[in-house]
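Only one structure is covered here, and it is reproduced in the block below.
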Amino acid sequence: MFVYRHKVNYYETDRMGVTHHSNYIRFMEEARVAFLDSIGASYSMLESDGYISPVVEVNGRFKHTTTFDDVIEISVCIKSATTFKLKLGYEMHCNGKLVFEGYSLHCFLDKAGKPIPFDDLYPQFRAQIQA
Amino acid sequence: MFVYRHKVNYYETDRMGVTHHSNYIRFMEEARVAFLDSIGASYSMLESDGYISPVVEVNGRFKHTTTFDDVIEISVCIKSATTFKLKLGYEMHCNGKLVFEGYSLHCFLDKAGKPIPFDDLYPQFRAQIQA
Amino acid sequence: MFVYRHKVNYYETDRMGVTHHSNYIRFMEEARVAFLDSIGASYSMLESDGYISPVVEVNGRFKHTTTFDDVIEISVCIKSATTFKLKLGYEMHCNGKLVFEGYSLHCFLDKAGKPIPFDDLYPQFRAQIQA
Amino acid sequence: MFVYRHKVNYYETDRMGVTHHSNYIRFMEEARVAFLDSIGASYSMLESDGYISPVVEVNGRFKHTTTFDDVIEISVCIKSATTFKLKLGYEMHCNGKLVFEGYSLHCFLDKAGKPIPFDDLYPQFRAQIQA
């Protein structure tokens, strides 16, 4: 499984002393971009080919806190895929504990806003879908 | 229903030309804080009384995009409450369209990390629960 | 003098318990946008007319801390203007104290990246320059 | 000279298509923390020893834009030091170009808010000051 690492920055903490919950949504994006790179489906390339991929839904469940200087290990996998929607799953671990679980749902659009079947763009995704 | 307004800042947009999806999680927090203020349950007071209220889960569904200078109207309501968990619901409208729907789940802890029944802290919440 | 108000959000604090210093640069932008609106020079309009206005320099001096729920009063003025560069000054007060002083330097470019004399775009700015 | 690398995230861009200027202040912090680690003066340790180090001033000059997926190389050095204040300098390069120059000024305080001579905390800093 693909793993991405994020070291928590000081500016990502809040006055509760922990990583602010909204930042995990950003860590999901960082990990997703790195994951897509790793399977030859870079988001930069997608954009320069004239497509965009809006986020349709995000979900996050917070299990334990993290804070400044912690290294979070983020694993990403493809959960499921319909013709037009792709669901990615995320698990984040820190110091041996599960700190976060989440998912994101994505579609793909051309410049006119027309939905594109994701298999047309990224046939290699199918092989990555985990049961 | 309580409504909070957020005008989208330039720094909240991304290079797709729209408000970055992670910021809606922050707008939820802004609206939640204002909502709690409005029912006499300010988060500042909660903290100064020695309690914290971590976010247990967040969910967001993105319906339409918004961008710089748009005014987003965010309505907040209490969806449900068990002894230890409170679920808030959010709807965001902009220019007459529903742009976002989401919820957040919260618990309340004392300084030792012990869960506190939310009725003990905020008896007035019960009356606000919407069917 | 033009005054803009920003209420500090929870997500803008850090684990030192105060507003993270980087956010004041964002508050400067919020106040600048509101100031430009107030003198009929909205940044949205500038962009839709095909111009951009990159930030050339920012400077901030931190005098006192602020935190969650504080209301910061931000005054903005035009400090000076050469043919191609505009310098804005900012003072932020909170609870009667000066908490921040800063400035930003801006130029104006057309779509080809060519510098535009700011008087061509905003003749009304001249009248606003403060000694 | 110490060099830290930051890969620009999608959420760090704005609708001008480039990295939002406020984020460079955050990249300065990331690089500073890594620099301090590299000379045995970790900020985590400073905090756990009961000290804080507020930012007194920041300055940034923007030379060229960067965007999503760019790798920014950030060099950090100690510019000067008086008894109570430390000045760090930053240069950021991307694709062979200088994109940003800046500095930050810091003091050190104990828990009571009393300024601490930085030599008392970090005698090793003196040796690092660059002419």
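To keep things simple, chains are lettered A, B, C and D as they appear, and every chain counts its residues starting from 1.
We adopt the following convention: a residue touches a chain if its C-beta (ideal position, glycine included) is under 8 Å from a C-beta of that chain, and two chains touch if they have at least 3 such contacts.
Everything quoted here is computed from the prediction, not taken from an experiment.
Asker: From the centre of subunit A, which chain's CA centre is farthest?
Answerer: The chain farthest from subunit A, judged by C-alpha centres, is C.
Asker: How many angstrom lie between the centres of subunit A and subunit D, each centre taken as the mean Cα position?
Answerer: For subunit A versus subunit D, the centre distance works out to 28 Å.
Asker: Taking the mean of the CA coordinates per chain, how far is subunit A from subunit C in Å?
Answerer: Between these chains, centre-to-centre, one finds 34 Å.
Asker: Can you work out the whole-Å distance between the CA centroids of subunit C and subunit D?
Answerer: About 23 Å separates the centre of subunit C from that of subunit D.
Asker: If you look at subunit B, which of its residues touch at least two other chains?
Answerer: Residues 10-11, 16, 22, 26, 29, 68.
Asker: Linking chains that touch, what shape results: line, ring, star, complete or other?
Answerer: Shape of the chain contacts: complete, all pairs touching.
Asker: Using the touch definition from the top, list the residues of subunit B that touch subunit D in their complex.
Answerer: 10-11, 13-18, 20, 22, 67-68
Asker: Within their complex, state which residues of subunit B touch subunit C.
Answerer: Subunit B reaches subunit C through residues 9-11, 26, 29-30, 33, 42-44, 68-69.
Asker: Which residues of subunit C touch subunit D once you look at their complex with the stated criterion?
Answerer: 16, 21-23, 25-26, 29, 52, 54-62, 65
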